[in-house]
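Structure provided below as structure tokens; questions to follow.
We call the chains A, B and C, going by the order they appear; numbering starts again at 1 in every chain.
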């Protein structure tokens, strides 16, 4: 069994530009999906938690439908369906949209859970001092809910990075497709898939650390005495 | 009367905190001993040591003449095997403050589990004996109920039946009524009283002073990891010698 | 939008789609069974006293959970043959999904174990049950009930992950959907029917597991 380590190392060096480019695509498409999906998801989650039925039911339907569909099907469907739907998307765009939709469905559930975990008295106290609902959200509910949602949100963010590998199937040259392209030249399957795994692990590990840092940071800010 | 439990110079600590500082106590066959004292005095820990739910670092506990939990090997003190300890535990029955019934089993199966797996009875024999004990504690009608369907007092009566069905030589009660609603206390105390009248050897850790005075042959007052005073209930409650016990009784409203 | 719906190619291939769905379900059930057994062992390691076993369990979980499942699938199918470990497509995929499921199930069962009140183990000790008997007759049944909701969620997730088997040409539902898509170009029809099949199956799985959970509730 020969792992051809010196050849592997020289191939990493030779392809470092491609690998970095791929990793950058992975990070940027994930970041785009996480940012847009979080915003969309917070709106949907808000509707799930507080809206009246005509708004809540479409939100619930959205979340259940997206969560019942595998991400790969979501990615393929977004990509292929965009053209007949009259809005042709590049693979990168289609991938970003699919991941955003997926991320939003997760964040919506996380956000709903966090909002509903807050004592109802918080909303009532906000009303009692005459704040409008948007302001109650902004000043009273969101800061508390964010602290509750942080750990699960970080897990969801890491899920997005993992899900971004599926964009390789529609030809987005992210880290995995880049690795496959390199492998098709040098046949170092084992080594380059291992390398790809290590890089994904490193990215998610960083997200995990960042999440822990943020959780600690948020903990200091006006933590309620009793656990909610 | 022969001595059933003999505790000799028992020492127990959690890391650097010594909670039992040399306890000596003997319980004779058929005797009812109540342990009283403020929280943190070590009374629950003492009870849990008798059932080996707590490890102890010094001294010995003999049940029916044989030392439990530890043995000497090459001059060193080693803990008995878990299998052996399980056998020793079967000699003592334990009733917990929080009942600790198995939540996934019916009242009946809470009792038959030990009868079949520890005492090796057949299912039919186990059911027959378990039903006998359930009747005894007034819970036969509820034999197919899960713990979550029973009140606290009912759960505790099932727990007592579970412990006593194992035919232990001694029953240990760890604040058996402390977690109950006030109106549920009497039914559990009645059950315990019934066992005492049958001649069961019992050690009770309790806050129920009136009950302790009524059923006990001996009362032990613990303070700061030691036995401060002990004696028959009339003397202990009637003319306490130690100022700490007088203090404690005054605070307990006696 | 100028699109005329024509579901004929989809209905013509309906048996293939169902076959693919059944294969996906089979792959999921097999992998989840293997992963659950491994996860159970690792969960006992993670909550046990032995520091080396605890480190092993936590290390395994944190590594596997931070890896994309697709990378694991490709690594096993294309990479391992270089070490002389060659498996066919389906076996490779079951292996990959089992490894993945084991990590998630470890977390599910670990949380379930932490939710078992210590008092009931003590009650088992007090009536003289051996440590193994306590685990089997008392801790395990209570833990499994605690773990049911999270188990159901992960079951659905892992079933959805079987769509990735298409990446190594295992003929499950997504594979056939892609095939029909490229042969007929009935894009909207194929993908809406495929998504509907997945959604319905996920819904049925959670319905089934929720029914089981409520029957077992304490």
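Convention: a residue touches a chain if its C-beta (ideal position, glycine included) is under 8 Å from a C-beta of that chain, and two chains touch if they have at least 3 such contacts.
If you're wondering where the values come from, they're calculated on a predicted model, not measured in any experiment.
If you draw each protein chain as a dot and join the dots that touch, you get a simple line with two loose ends. Distance from each chain's C-alpha mean to the overall C-alpha mean is smallest for C.
One inter-chain figure worth recording: subunit A and subunit C are separated by 21 Å, centre to centre, where each centre is the mean of the chain's CA atoms. If you average the CA atoms of subunit A and of subunit B, the two centres end up 55 Å from each other. As a whole-number value, the distance joining the C-alpha centres of subunit B and subunit C reads 46 Å. Residue ranges of subunit B in contact with subunit C, taken from their complex: 51-53, 82-83, 86-87, 89-90, 92-94, 96, 98, 100-104, 113-114, 117-118, 146-148, 159, 162-163, 166. Here subunit A touches subunit C in the complex through residues 1, 64-65, 67-74, 76-77, 80-81, 83-86, 158, 161-166, 168-169, 176, 180, 183, 189-191, 193-194, 196-197, 200-201, 204-205, 208, going by the rule given at the top.
Listing the residues of subunit C that touch subunit A in their complex gives 1-3, 63, 66-72, 74-75, 78-84, 156, 160-164, 166-167, 174, 177-178, 181, 187-188, 191-192, 194-195, 198-200, 202-203. Listed in rising order, the residues of subunit C touching subunit B in the complex are 117, 119-120, 122-131, 133, 137-138, 141-142, 145, 218.
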